[in-house]
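Chains here go by letter, A, B, C and D, matching the order in which they are written, and residues are numbered from 1 within each.
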Amino acid sequence: MDETTVLIVWVILLPFVGAMVAFILGPRKAPIVTIITSYCIISVVAALTWQVWKYGPQRHDVGGWVAPLGIALYADGLTVLMLIMSIVVGTLVSVYALGYFTDSSISSETGKANHRSKSSFFWVLWLFLWAALNALFLSQDIFNIYITLELLTLAAVALITLEGESEAITAAIRYLLTSLVGAALFLFGVAILYANFGTLELEGLGELVQTGSLSVVAIALITMGLLLKTALFPMHFWLPPAHSNALTPVSSLLSALVIKGSFYVLLRLWFQVFPLEVTMVAGHLIGCLAAAAILWGSLAAMCQKRLKILVAYSTVAQVGYLFLLFPLAAKETHGLGAWNGAIYQTISHACAKAAMFMVVGNIIRAIGHDRIKDMKGVCQQLPVSMFAFALAGLTIMGMPPSGGFAAKWMLITTSIQSGQWWWAVILLAGGLLAAGYIFSVLKYAFIKTEIVNVPLRPVPRCMEWAPLILSLLALLIGFTPMPLDLLRIGNPFPDAVTMEVVK
Amino acid sequence: MNTDFMNIVAGHDVTWLMAIAMPLIMVPIVLKVRLGSFGVLIVPIAAAPSFILSICAAPGLEVYISWLLLGMRFGIDETSGAFLLFTSILWTVSGVYARCYLFSDKDINRFFAFFLVAMAGNFGLILAQEMVSFYLFFTTMSFAAFGLIIHDASSKARRAGKVYIALVVVGEVLMVAGILLIAGNVESFAFNDVRSGIVASPNCNIIIGLLFAGFGVKAGVLPLHIWLPVAHPVAPTPASAVLSGAMIKAGLIGWMRFLPLGEIALPWWGILCVIIGLAAAFYGVFVGLVQRNPKTVLAYSSISQMGFMTVAIGVGLAVPDAVPLVMTAIMFYAIHHSLAKGALFLGVGVLKDAGGTGFQRLLLFAGLLFPALSLSCAPLTSGALAKLTLKNLLYTTTMPWLAVFISLASVGTTLIMGRFLYLMWKNAGKTKSSPRFGLWLPWTLLLICVIFVTWLYVPDKRLSLLMKTVSLNALWPVATGTFLVWAVLQWGNKMSVINKIPQIPSGDLLVFFEPIVQRLRGDWKTNIGLVFSWPQNVLAGRLGSKGNNFVHKEKMEWMKRWHSALNCFIFKQVSTFVGKVEMQFICLSNAGMLIIILVIIFFFLLTIP
Amino acid sequence: MNLESYFPLLVLLTSLLTGISIFFLDEKRSALRILLNISGSAAMFAFVIFMLWGVFHGHNYETRWSLLPGINIALRADSMAILFATLSAFLWLITSIYAIGYLEITPHRNRFFGFFSLSVSATMGIALANNLFTFFIFYEILTLTTYPLVVHQGTEKALRAGRIYIMYTFCGGAVLLIGIVWLYTLTGPFDFVEGGALRRFGEERRVALVVIFFLMILGVGVKSALVPLHGWLPTAMIAPAPVSALLHAVAVVKAGAFGIVRIVYDVYGIRFAEELNVLGPLAVLASVTIIYGSCRALYQVNLKRLLAFSTISQVSYIALGVAIVGPLATTGGLVHLIHQGIMKITLFFCAGNLSKTLHIHDINQMNGVAWRMPLTMTAFTITSLGMIGVPPLAGFVTKWYLGIGAVQANQQWVIAVLAVSSLLNAIYFLPIIYVSWFKKYEENQPEEHISGKLETRWTLLLPPLITAFLSLAAGLLAASNLSPLGWAKLIVRREYLP
Amino acid sequence: METMSLKIFYSLTSIALFGIGMYALFAYAHLLRKILAVNIMFTGISLFLVATAQRSSDSNLDPIPLALVITGIVVLVSATAFAIMMVCKLCEKTGMTQLPDEDR
């Protein structure tokens, strides 16, 4: 058993090793190392996927130590899907970054040196982040999850600071402090759980946890901490500055992957560990916050004058969609559709949002700023990018045919099935508001302009095509039920009518 | 000719189609070719198939062409044979006449195009044996006639055209409504089924009303006659001839075809028709007498004459048994009136610019006098025959005293003819040059037809009928009329009152309608327009107080439509709000998020069991 | 897995691939673009005609693949689909020719023609969709692909029109989505069935089904411009003439109307809908729209805006025909799908010709213009008479069937609506015909020099002539089996038989 | 009994520490104070974990909480170091030692 499941360890180990190697080899070799590493990860994850597909959920106790002392790694359909998502986004972000960090137009020596150091740190930190992310997805141990969350945060904050300007640092500090508070809340919850039940392993916890005031406090603390990290309204305050002030590839990673990490943990905990302790009211409370997030984020996005912040606020809104899962799945009979929908949304949003940030990066590269008002004529010079933006916009708006639509379809279906039609209304309103801000940008692709006198800087081809591929992927997810087949493996709602603890 | 051959010819689809299609085939030719001497032949050629058909085809013959429109059925019965004959004669003659009349007109090609289309429509509607094709040809004719009326593009012609087309459209709409109401309940659209269908329909009265009014527009029935006196004088003379002679009968045919004559007694409709008809007969005379334009006078005469036919229809509606007689009476009356009226109109044209030398002038007036007398039902004329049949018809009913009214109206007809002749005498062309050959020849031909054609349809005992027309009963109205005319001329010349008669403007009732319509149009654009754009008005607080804008102008500008209002609402109001609160959030990260987080934790503690 | 089952997909891909390949062309290679466009549309037309032949002979063309568990994308060519598909394919061909002439030497032609083809694929998808889910997907794609066409000119006005268009159609889409999802949650996924898929539902769920019906009608009503939802259509007139032609005659408006047809016949089934008493309100709504559109058209000065309001009015004939129970009214409604298409597209082509050749946009500039452009105005005259409902043109056949259908269903008030509508149509169309033929042509109007004998480019002239001729032929030869009427009767037979 | 009350005492202390830390985090603008506040919060949690090491009065100490505390400290130290780095950088760039009140 161990011989085969040891694959799981490599998923985590590979990016770590890659990060080390990249750090040692220096800025010139780092991109190549990253590419090689991602190839390796792809092949390992492919093998893992095959295993999960074939034999069901995989579990590996690191070093042969079983709980409570050992660290367990676990991969089921959801895990694998998340791994694949991070691979897709990560690889394409890497490709994008290849172009992003080879800016031939910087002339001064210091500028070049500065740029090079940024570049080298980016690759290392990104691999580090990837490792943390993979570890997070695979962890089957609540304390381990805490550790990986922290690693993730640290890597993310460090990536934000790469930008170097004071705004970025401010945003990074704010992000760091916030997520430290979140981590503290989470850890406190973990401590309480351990104090009560004496185990950290998720499976064991799930079996042991009983309804009681202490476990409730623990769950509340954990949920709170994770909500802070996932930036659910009104705890989203740190997100727009952080995401909009970072370098473009970093923004893509943050929006697409990092917030999904904490969301994933929340999913695991709520639906696989404490399903019995979760009630309608708690779910509805989160649902209200989610609805507020959708509306608020969209409205705020509409009001923005800079494109990058607009996209960042769009993330705030989209996070809301994810959390609609909680009220919908709380009504026990209809959990599956909501579960599938939310995960679809997670994946398609990751692809689409990463693509959007990349396009914004291209525009900034081309004209040096991202003021929406002054974008006339630019978009027509970057047709591929604009097209990618439009396609990604489709997913964000939830227009067919796209992954976003499939997600929305499932969520709406569930909400109506479970008699909670108001969430459907919120979902649709969110889509319409999203159309509002997406089209306020898209229209610039069509504005008639006199001769463009803005000198455009060239945008490397890989920077144009990476977002296009990503947005196409976001679109194509809507065409196949493949992810759902994967999800069925180890799904907390295994076609059963009532919610059960997964054994 | 071999009758078998004729039957074969008449029984073939192609012949029937040719009767209608021939004029249409000529249209492109007319439009593209300069009309040289060949032009004279165009209309006769176009009308030839119909003419042949009207003579050859035995009554009762029908063909069904399934692939056209909704399936077309053509056929000929007794009445339609007669109608086709006089119609084709009139169109042919007028066509030949028009070639000369409009010789120097640069738009002659356009004229002929419309002329031919209208002609095709007219033939088609006579031949049609089911209502869809009838409606098709009726419409074709009506719309094409518009081109004839406004031909000279003067302001008068344009006004006439407007009035005409407005009424045509109204008529069409009424008609189509009626037809549709019928069509939903009948097995086939053939007229026999249609008539029984109307009777069976729950909306019987509505249908009859709609159809009566719809065809009434064309037939010039009383309140809908207003286009006639406006249109006839302004149209080129040959056009007036066919309008008044042939096309006006289309309405009549419509009535005959659709109204359930003989199916069921509809006394109220019958009485209504008789009243309207008699009213038209007298009204036409009274208004016509004070007109100064000879063609207008003729137009009013047509209204008056159509009144007689309306009376006949009314009798047919009221007394089903009388229907065969009604048909005969109408047939005679239609033939007689259309040819005579056509001749009169053409005569006006002949005399318009050339009075002729002394003898010629005399001849010409004799030529005018003849159809005039015929219309006044002088003995031995077709008019007398027509009136005789009409009166005979009335004697069979329970209201024989109606015949008195007919006779009285005949006096009026004589008067109006006197008025016409007087006006012609005064206004005829001042030049002494002889009239053009191309004008008087067709006119003469038509005059000959006026004399003979009606008698073709008297089955037998022609002579005895001829004699009957000389009876006192037939004579007194025309004699009285002539006397009155003479008296008025004598007396009037002395007192010179003829020219002091107050003139009723042509189109009488139109004078009242026109301003109303115009007012409506004007108001439509302002008031109704405002009502239809209510959202912006409501938003701008503008409804009910036009011009009194108590809302600031700029606001009105952006509140124009609800979407922009919505936009403004979202973007202007909310954006500032959202922006501010968002700032607050970011500030709170320094100091106040604690409270929010703690409150939320508190809630969680409450909600999780 | 025989070839037949791929046919609907093939049709869709024809225009899709054409569109995509046009995007990748160099802007300057207009000859290649024209070739692509024409060959694509011709190929699609050929496919559709082939399918038409097949459907007539009872073949079954169906493509289906699973999108979500239980939720399929299904494309199937049934007789109703073929009706709409043939119209779209044919008018795409015609409009392509027209657009090539219309947009000569203007910028962004790649973008235009690309999205043009894409929107045609979306329309085809709507036509061939065999369940509500598929219908909805293509319905939304249509919105997205037509947006670039509406804002093509890129002016402030065009963008505003685009914004309004998007607002209306997305809101409509959202409502439609709710309706569909709700229905699916009640019934589970289902395909369109001739005669109605929901017939098995009896009295239970009655209220929900009624509400769903109106939600869905509201959703598709936005595109078919039913009255309170019509606001986008007149403003969208800012788009170039081929777009207006496409929007009004084929794609957007028709998609909405076709949606109504599908919902009433193949989802609810006419009998079941009648039982639910939902058709009455629909008929009233359609009637109000008919009258309202005509009334608004009365006082328009801009020719294209007038035509837009006329469209609002005319398209509701389809809804009206659908809302009246009975085979004849249904025939009328269905056949108007085609008739209104060919007539309205002609009118827009003509309006486009006037603006392109003589820069005439308003009615009061049209004095005597018919003598300057006789062929164009002949086409215009024929079709506008058809709109009024003058026989033997196509519009008459529609009105005829609607009218007698209404009488059969014992709803005589519809006749009044038809009559008033005809009257109003006459009031706003006849003056145009009048001034253009009978008033003096003013020579001082700005005039574009056109080389050659024709009044304008042949690419601009040919399409309206063809469609005008067809609208004449569709009426004149209505009784034959090959006419739109014949096909509509075939559909009706299939809808009412079960 | 004694261990039980001791446990409660530790727990309450740790909660108090956590609360104080949180309060300080939000109450003070200076970034170093904020960082220290976070440290205090984590200290509170550590105390709690340590207190749970003795699961029952008679059994041996549970080693795992200690491992957790140590790991937590490692994480915290690195985070603190990183935060301080950033504060230095911010100070270098803008001369400020606190987060600006956002007013862009």
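The working rule: a residue touches a chain if its C-beta (ideal position, glycine included) is under 8 Å from a C-beta of that chain, and two chains touch if they have at least 3 such contacts.
Since the structure is predicted, the reported quantities are computational estimates derived from the model, not experimental observations.
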{"item": "Most widely separated chain from subunit B, with each centre as the mean of CA atoms", "value": "D"}
{"item": "Closest chain to global C-alpha mean, per-chain Cα centroids", "value": "C"}
{"item": "For subunit A paired with subunit D, centre-to-centre distance based on mean C-alpha positions, whole Å", "value": "27"}
{"item": "Distance from subunit D to subunit C - Cα centre to Cα centre, in angstrom", "value": "68"}
{"item": "Inter-chain centre distance, subunit B versus subunit D - centres from mean C-alpha coordinates, in Å", "value": "100"}
{"item": "Inter-centroid spacing, subunit C versus subunit B (mean Cα positions, whole Å)", "value": "36"}
{"item": "Residues of subunit B whose C-beta touches two or more other chains", "value": "586, 589, 593"}
{"item": "Multi-partner residues of subunit C (at least 2 other chains)", "value": "163"}
{"item": "Residue numbers of subunit D (touch at least two other chains)", "value": "22, 25, 99, 102"}
{"item": "Complex contact set, residues of subunit A against subunit D", "value": "68-69, 143, 146-147, 150-151, 153-154, 157-158, 161, 165-166, 169-170, 172-174, 176-177, 180-181, 184, 187-188, 191-192, 194-195, 198, 200, 241"}
{"item": "Contact footprint of subunit B on subunit C as seen in their complex", "value": "163-164, 167-168, 231, 292, 295-296, 298-299, 328, 385, 389-392, 396-397, 399-400, 403-408, 412, 415-416, 418-420, 422-423, 426-427, 430, 434, 438, 475-480"}
{"item": "Touch list for subunit C against partner subunit A, complex", "value": "66-69, 71, 108, 136-137, 140-141, 143-144, 147-148, 151-155, 158-159, 162-163, 166, 170-171, 173-174, 177-178, 181-182, 184-185"}
{"item": "Residue ranges of subunit D touching subunit A (in the complex, touch as defined)", "value": "18, 21-22, 25, 31, 34-35, 38, 41-42, 44-45, 48-49, 51-52, 55, 62, 64-65, 68, 71-72, 75, 78-79, 82-83, 86-87, 89-90, 93-94, 99-100, 102"}
{"item": "Residues of subunit B touching subunit A in the complex", "value": "570-571, 574-575, 578-579, 582, 585-586, 588-589, 593, 596-597, 600-601, 603-605, 607-609"}
